[in-house]
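Below, chain A partners chain B and then partners chain C, in two separate complexes.
Coming up: the complex of A and B.
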């Protein structure tokens, strides 16, 4: 039990912070209740998926700067197709496009041996251009069931929250427990040692990026579902996803962390934004706050690990 | 022997650009045989090992395992075909626990546990994170993991380098036992004593080709050294009679009651200009902490350091460097800019001095660097990037750069670790020359015979304390060996 607590101390700490922040919100705005939580969960949806994807590539030892652009491509693909065909095939195609884009990112990194940050920075522009080619101005349509699927409550919880948790768990948990999941952590932790242990490190990295693409597709679909249309210009998901992943206990450099922490961190960052809005703080200040939190978390994380090592 | 050998590699060749690392390497291992693979640094040993284990693809030649032509493209494939390596550095994943590391390589847990116990570690928990385990334990886990995969051929690459003596004995015992049961073993090592105790044959590489296959018998060391060097060279003796002469006046470096809790306690010594003071110890007796404190990486928990009689206190490595203390780490990767040229690496310390603000004096730099390269006989074929040099040549650069600079106090931490005999012999005179030019040298070494070859006297560290001081003239290996194990001679410390 105590070992479990120690192992998950970071996530438990985040949950405590989240509850405190919700209490703070309630104190500032007494009318904050079920409805507020529901809209918070909906707003967090694309951030949660972007963060899940980002967390996986950071765990494998890389980073993907093109997440927001990939989300835009998937959003417009879904919006354009849903105007013409059934919702389900369009949705599947959008997911496939996401996986393909992620796999292309990964394959370029592995085959050319160009650093992740350079490849995905270039691909940020490629995917951004692709999104604008597909749909020059916001437009298209979204299936009704998709829009309704993230609105309101089910089983007493916001549907958007359930969608986030269920989809990420469905994709990640089986992988986490498979050889692939182990290989992702191994590659991010020490690529040479992983290679020597018989891990196909190149394939593992490509698959990790493809997974990131899949989550970006889900993020793009949730964007389309939120707005009812496709928006080709990428949103502010790149830095937000890195911030949430880091706050969630994923160590830049790879090998450490999970997905639960980053998802909780997404809600924390969202609720901080809500609080700042409620306190009538300039919206531009909120990005400063997010950036400060990110730096603070990295410093704090470094302190905790060195302290731990000294006492060990 | 008429039966098919377990492993038969012939005509293996590999080039990296213009550098021909291997031209014609051969190696056969029969069932139950333990074959030593030897060679000076740069002979192509590590390239050959990488090819055998599938980390590199050869340009020519073939590797037969049990008579089957195998093209191993990755360590995983090599493993499936029956060849399991244990590499020089641990190859376990630091952020995973032991159990996950086993799952990663499909290692059966039951046999692994048995091997770990047989190798002398009784209390291993499978949920320990690899990053939290000591190096020696990791080497044992590496070996146990390899054995649990029931290899036909086991490749041990400098396996015993990081192990304490009692574990070395266990390892050698287990390996011998397995060979008795029919396994083939390739034993890559520089250590003659282990090879002569363990191996049946030695295959010697020189300049990328296999130059000889020796049966292990008395006197084989001479023959192997001869083959590795290409010509007979005397192992080297030094006149140590004049050694004690220079020790008078204010010491260059005075250390009093120095402690770094919990590993180092009450260490005092004086180091004079012109002196090479050896430090010998088993792994982990406080030598790392001593050097960290002297180099300014860590603060001492007690005691004083004085340079030329003036007390100093180091808060940062720059303070130590300013006081004339230069640290050369045992790990070459920590000392060199691996992507820059040999020339720049040698020139860096004296170009980087703050006193030399302004444009670098090219001519002056070229002269000094040229002198160092010639002195060191550094192979500059690959001079574009230091990382392409062999390990021995890299180490020569890390020491040689101080020859070009002029240095007051040099802290050498195991400068000959993992280096071949030929390079070692070039390093000892280098250290002596630095001392004769007025440098004071503190020389930690894990190879006891180096005390007689390079030092004036040696301090023996045991359990974080100095337990003995031995003059070079008396520093024969049995004496030192007893001392580092804490068996102090009757005369006691000087």
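Coming up: the complex of A and C.
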């Protein structure tokens, strides 16, 4: 028991912070209840998926700067296709597009041997342009069932929350238990050691980026579901996802962390925004506060990493 | 006496790579002139209006327009070249330039043109120092750090805009003179740019600071063991980058004469592209500002071509991204270094 607590101390600490922040919200706004939690879960949906994808590529030892652009591409693809065909095929195509984009990112990194950060920076613009080519201005439509799928409650919990947890668990848990999961962590901790132990590190990295693409597609679909249209301009998901992943215990540099911590961190960052809104802070000031918190978190994470390296 | 040197033949591609690394300017200038020739073929008379007889053998109108819009790009590329020398990057330059332009335009009517410009430049200095602190002390990757400060600066700009919404916009006369005025058929912005370029070239080649930048980028540990205090260098470097970006914003304001909340933001990616095309390695230790200037000119010519082809905005962004990727990949492949 105590070993389990020690192993998951970071995530447990985050959960305590989340509960405290929820209590604070309740104290500020006594009417904050089920409805408030439901809209919070809905707003957190795209952030949660972007963070899940980002966490996986950070664990494998990389970083993907193109998450927001890939989400935009998937959102416009889904919105354009849903105007013309059934919802389910359009949904599957959007997911496929996401996986393909992620795999292209990974393959370019492995084949060109250019660092992740440079390749994904270039691809950020490629995907952003692609989104603009698919849809010049916001438009398209989203299937009704997709919009309803994240609204309201099921089994006493917000549907958006269930969607987040179930989808991420459905994709990540089997992979985490399989050989691929082990390879991802091995590649992230020490690529050379992993390679010499017989891990196909190149293939592992491509698959990790493809997984990130899949989660970005889910994020893009949830964006389309939230707004009802496709928006070709990337949202503020890059820095938010890096900050949430770092806050959630994923170490920049790879090999450490899971997906539960980052998801809890997403809800913490979102609820801070809710609290600022409830305190009637100017929304533009909220942007500054949020940006400062995110930069602070990343700086803190970097400091912890360097300190750890020094003592190790 | 036996010859002790290694006389094995070097593969042609490697030799070519070394030659390119030694003389990055030659292929760049050749490429620039090839592009201009292609442009002339696509639209006869745009570069050499001999038959239409507009002005001279080479159209001064076209050249001055090309130079005018390449100047802000080349100045922002200087930020990227300097930070890339230490294996960094500055992604906050676009928003810093925008902030500087907006602050200057809204403050001129209340506190006068010169104080307004000074306030604008100090805004750039503040963002640069924050970047430098994060990179120097917390060791955050410069890309993440500058992206973050860019986000915060965007928020600050929005708040500031709501505060000054009633204040009229006024652009200092000398900025307008620099931005749209011409002397002997060439844009007046050259009066700023030529000394600026000379300063950057001098800084990189003949000063201790420049040598330390190259040293830090080539091998940070070796530089530190040789006594370089890296935090001072990073702090000075990012502060300088912020100031250059703010200066660019002021110059650009004079050219566009219409401050907006996203004035110079579209210049960010092309500035990275110009530096990379100009032979600056994004991994540090290698780069030249002269190359970046040619890179900026190449991008401008390319832009003209894409506009003539009536390519949509999206395709242009895709192409820029692919160019950066291709040039970097080519560099890694040819020189075999990361």
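Note that in this section the second predicted complex is superposed on the first by the 281 of 312 C-alpha atoms of A that agree within 3 Å, B and C clash if a C-alpha of one lies under 4 Å from a C-alpha of the other, contacts with A are read in each partner's own complex, and residues count from 1 in each chain.
By definition in this document, a contact is a pair of C-beta atoms (placed from the backbone, for glycine too) under 8 Å apart; a residue touches a chain by one contact, two chains touch by 3 or more.
Note that the structure is a prediction, hence the values are computed from the model and not measured.
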(request) Report for A:170: first if it touches chain B alone, second if chain C alone, otherwise both or neither. (result) neither
(request) Considering only the touch criterion stated at the top, classify A:195 as touching first (chain B), second (chain C), both, or neither. (result) first
(message) Output check: A:5 vs chain B and chain C. Expected answer is one of first, second, both, neither. What do you get?
(response) neither
(message) Can you tell me whether chain B or chain C touches more residues on chain A?
(response) C
(request) May I ask you to decide whether A:280 touches chain B, chain C, both, or neither, giving the answer as first, second, both or neither? (result) neither
(request) Could you list which residues of chain A make contact with chain B in one structure and with chain C in the other? (result) none
(message) Quick check: in the complex, which residue numbers of chain C touch chain A?
(response) 134, 138-141, 143-145, 147-149, 151-152, 154-156, 158-159, 162, 269, 272, 282-283, 312-322, 324-325, 328-329, 332-333, 338
(request) Within their complex, state which residues of chain A touch chain B. (result) 3, 179, 182-183, 185-186, 188-190, 192-200, 255-256, 312
(request) State the interface residues of chain A toward chain C in the complex, per the touch definition above. (result) 65, 108, 112-115, 117-119, 121-126, 128-134, 136, 232, 236, 238-239, 242, 252, 282, 284-285, 287-288, 290-292, 294-295, 298-300, 302-303, 305-306
(message) Help me check something: in the complex, which residues belonging to chain B touch chain A?
(response) 55, 74-76, 79, 85, 87, 90-96, 100-101, 103-106, 127, 132
